[in-house]
């Protein structure tokens, strides 16, 4: 069932920043505490080739998001140690050196599981071992959540593994929602800030 | 749990077209039978003011979607009779005269329920009546599904009620996925057809 | 099990009036608060051809019902927006312009479900989707309820879809019941006000 | 849940006619076997004062119902023996001498229970006796069913105990339904045979 | 399991007397309140031919029972209205005019059900209707209960439908029990009052 | 629930006769095999003082029962050995010497349990011992069953411990039932063979 | 599971003594209240031939048991009345005249059931009667319990039906246990009082 | 529930003999295969002081048991290795050197558990560990079983820990049972071979 | 699930020392109370040939363990009596004379069961006996636990039956863990005290 | 419950080698197919500092393990992509360049879950999200398994996070087990190849 119109789950997750600090982020509380919107984007795995382009694209637009009172947070199921290794790998070597927003390290899948965005969606009971077995790597699709200052989700979008995201579209969605917040007007199709609603 | 990476639900739903014909559409089979992609978009209610702009915007882009081998289908939980009345209402009177793609009339909510996109998400048991009571109008959010020729969902995006959609972004996503289908290459962030992947 | 002899369900439902106001009506409380009888009639769908004649017939008899201390309320499962569009459609165009009594917009079927008057009476479990599927449009039959000033139902009558109602018969039933209320006498068959009981 | 639009229950019940014969009637099969409509009316108890007027009124209209290819059947929860005693009691003594249509003797309440028209609607578990106790006499309300030649119910109407029925209204309903059967047209409000539909 | 040696069930039942009064009798409390024994006898149906002879026989012996401090109560599952009609029918017409002891009108079978003396002993679940169906008329066998001043049952006897009862035998049983009450002696076989115990 | 109108339970029980033979009797099969009626009477215990008078009374009437094609069987929960000791005790010493009909020795209570005639009717769970504890001696009341040639029970009567039975009444009941079997007539109250039915 | 090392069950049972008095014995409390050991022995049935020899043997050794501070209690599942009849039967006639210790009359099997010494060990559910049926007479094996002054069982021995008991062996066991109680020494095999432990 | 009158459990258990051989014994099959009686005796633990005296006593009587066609088997819950060490310990050192009958090594308690003779009779669930905890050493009481050539148990006797057994008594019981087998006579109390039964 | 990182189970077990004293050891409390580490090692059975070499090896290293603030405790499922017998058997005779650390006598398997180190891992339900039967001797593998001063397990190692342990390796593990405790440094592979971490 | 003495779980897991190939390894089948022993070692996370020393140590001993017919396999819960990145990181930079044995990438934790070696051992149900939440990173302890050519586990050892392993000890255990395989002899404590068993 969609999270849109509901509060984002109230869960703390390990995170890593470019300084190598390990800390915890509760996205819901982050939004409310800072009175900011949050853009949370998930990518499948560290050290792959398509993912860094997305991480760099969000980094490039970071200033624009800040103008819109929006924090950017990346997320995958890798550990904080792996995030740090990747943050220390040069862009030319497929790394993400230069990324300054925090990265969730949801290695225990607590949050990804709640969101229902893991690729290992079917589990079968293995009688021999008495355990449930997953099919797939148990990593996430390219899911994006836009959350307002109250912690309410106002957009969720999920792309299949090979399809990258469009950073501008998320800015348009934030602008539209901010317009509604301010003017109480509904934004029609293809609405953009500055165009007439 | 996300539908991305899975087949679209195999369910037939009542529909209405601009000729006033009532018929049934099974989105999954429509895609496979015609070997086409499908863009399915949901809007909350007929005879509201923001919704017609989206319906007109999809109509305006219909040729572009056809070039991309993509059928467009609209959907709400109103009845076929109400769709027909709206189709016969002039644009200036808030109607959707001129729309030629079919509209699902999911008045029994069979499909919207499977997709989990109804706003009436909480139900409480009413002891006096012995029935479950819904909060909300039980209409859908602005949900959009992109489905490929095999019926597999490659994008789902859900906007909160007051936030309209961007028709161009769906074309970009279709192009990116078509590129992957053709070239087996992953599309990075902000990728657009013609730009270098 | 029949509602006759029991209180009408204590449930609030969205409603629309000819002014375009959206508000909520709790039929049981309406009767008790105003110390009036209520005639509540359900029709299947807005924007069909047989239904408007019934709505106009009740409108024509409205004064007579008022003389009998009886409120008239119409009801279907369409949304308030659709009701308003229909109220603004001229009679000659199949509309119900001129109707002044309120219309319940039970789009979440909370009340229709309690009354058991929806046509989608069978549901089957769909294993593939893990949801229950309804057969039928999930709209109501032509059901009529007569409710006294205490909220007790003293008549319920349900017609199959294509059979219209007789407004005079409901007046006769109200008169007979009022006679019992006043005189404590039982009304025999074919009894009418003014004829000897 | 309403029986309208469904087949009448397939159940045989004891019955008595004016000849003193005891036999069984299955209303559903009666309709189908004779290719007739059936009007089945329930009254609370034999040997009361309001009930005979209804039984006499249906007797008086019997020819009219026959013209409309409609069988009339009365019903209560008294035994066949009691029906026979009442049939042998003169009208002036509160009896129903002269009634020629059959009377169901549903003393085991098999059919009344299925129809949900018994007044003893609440039962409470008596711990001392280990049985369920009913409140009320466990007799029926004034319920009427109109059933077509296929056994499908096209009207059900239930009056509270003290409110008698209007025989003409049932004729109007039968005419309206017959009109639909013949012409495939829907009958609007207040429609009557001979008036323009 | 037999009621002998236990208290009679503590249940109130509708009753009718020869004056046409409707009231309630709780047999257990009747015995205790009046400090009397009770003979309660059940017969299958009003307006049959064998039953009136039993009712007349108990009437004829009423004085003898009163001498023995014993109330007589008759009972069937007919309604109070039917009892009254029968009480007003002359003996020569198969009626019970002249009976002065009260008659239970257990039309909801609350008491007969507790005693387990209904002929409709098997019920089968009808899947089509979702209800339990009884075989038989759901009327009682010829059961007789002798209850002492404390409400304890000291004899129960049940005859098959066609076998009438012997009023004298119940007097003998009452005498024997009274003898035990008075003398603390056990009464041997064929004991009769006046003969040596 | 009464056994009247049902087959007697199909169970074999140990028995003893006056020759000291131990054998098994299945009352149902005994009736059917011999095409005879059966009078089965239960008494509480061997070696008490009231019981022998009943046993002697049935012995005295044995020839009369045989004339009515009726077998007499006595029964208690004592063992066959105790029955034999009692059969060998002189009448003057409180014994039953001279009794020639068989006596059931239902020491495992299989049959008495089915009939529900044991005085130990309540059992309580003893937590300390983990077993169910009975209150009372677990012996039977004075229960009598009249069974026809098909094994159907047509009378059951149960007296409290201290109240002896009337042998003549059972003959009257057998005569009445035989009259019904032969003439198909119902026997009214106080009916006796030779008197007009 | 063995009772050895546990308290004897805390249950009162009917009993009879040679005076013809009926009273209740709770073996556990008897031991504790009197600060005595108890030898409790069970035999299958009164009025058999092997059982009296055991009863006479325990009677003959009664003085020896009393010297050892030990009460003797016999027990079977016969009633107190049967015990009394047997106590009044001369030894030469197979009786137990002269026995002075009390006999438990466990006719409701409360205690024998807890001890698990009944021969009717298997029960099968009889679907026709809806009851559990026992195989066997439901009488006890030859079980013997030695219980100390605290109520703790220190020996249990059970012989098959046809094998009699050895009174001396129980004296030896009592002596050995008393030796342990006094000296805290364990008694080796074949130990006897006076022989060196 | 006692094993007397039933077959001994059909279970194989590890065993050790004085040669140091490890093998398996199924007591039931041993009796039947060899057409011999079996005396099986259990003692609590190897290497205690009272136990060896019992083991030596059974060894001393072995020839007498063989005359009676009876095998002797000892048993404890120690391992075969411990049995062997004890068999190799001199009698003066508390050992059982010289014992030639086999010893069951029921270290997994399979058989002792079935017999219900372990001292660790209560188990409590330990929430912390999620396991059941036993109180006591989980070793056996001094239980003795006499089994006939068919495998049926004809005596079971259980002594509390500190009370040794009497070898002669078991011989008497075997003689008595053999007498019954041969003569079909029941053996009275204190019966001994050669004395008159 | 591994115990590493968790507290050792909080359970008291019987134990024996070389003085022949029987007492109880709760390993968890022993560690905490004495503020010592514990090395607990399990071996399969007393009086086997491979086991004593392990017991002697731990004895030989006892001083080294004491230097490391570590108590040594041995354990098997034999009884304390058997441990004592083995402690009194000379080394040349396969005994463990000279061992001074305590030995757990887990004869009721309470602790071994919690640890999951018993060889009798499968149990099957035996329908005949109504009990669960184990396969195997129900003795332990060669399991070793290293527990710190807080009672937390920091190593568990389990060898198959025939593979002996290496005492030095446990010293290395203790040293490594102590190094971590002192320096907060992680110990790399093959780390040994004195070598550079 | 320990895996020692059982087959290793029959499960395939993703793996990466130094060539960058992704493939699947089923450890059980690997052992049997190649008729080799397997040493499988788990470490918590890639890109930490203590882990690489263990990986290098096993690499250094690879030839010794091969001499002993033993394959070495490393394992963590990181993805194959992360393994590859680490394999391409120089030793001086904390990488594992030069490692040639395969590394399991158990990112869906299928195998680690079966083995019970994950640190996230407790899960709590989160009512708000309706999911189970893990405490800890859900990575593995330092667990090592030695598996023979049949796939049977003959050693399992688990170290707490900060305690590194001793490569030599695993060689000793393999030698000891091989000795038993060859000679059928049990290896005593501290046994080493070449020393006398």
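A, B, C, D, E, F, G, H, I and J are the chain letters, set down in written order, and residue numbers restart from 1 in every chain.
Just so it is clear, a contact is a pair of C-beta atoms (placed from the backbone, for glycine too) under 8 Å apart; a residue touches a chain by one contact, two chains touch by 3 or more.
What you are looking at is a predicted structure, and each value in this text was computed from that prediction instead of being measured.
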| item | value |
| --- | --- |
| Reaching subunit H from subunit D through chains that touch each other, fewest steps | 4 |
| Cα-centroid distance, subunit H relative to subunit J, in whole angstrom | 50 |
| Whole-Å gap separating subunit D and subunit I, where each centre is the average of the chain's CA atoms | 85 |
| Interchain centroid distance [CA atoms averaged], subunit I/subunit J, Å | 24 |
| Interface hub residues of subunit A, defined as touching at least two other chains | none |
| Touch-based graph of the chains, sorted into line, ring, star, complete or other | ring |
| Parts of subunit C lying in touch with subunit D, wherever the complex brings them together | 1-2, 4-6, 49-50, 53-54, 56-58, 116-117, 119, 121, 141, 143, 152-169, 172-173, 176-177, 180, 185-191 |
| Residue ranges of subunit A touching subunit J (in the complex, touch as defined) | 9-11, 14, 45-48, 77-79, 81-82, 84-86, 89, 107-110, 113-114, 120, 126, 128-129, 131, 133-134, 136-139 |
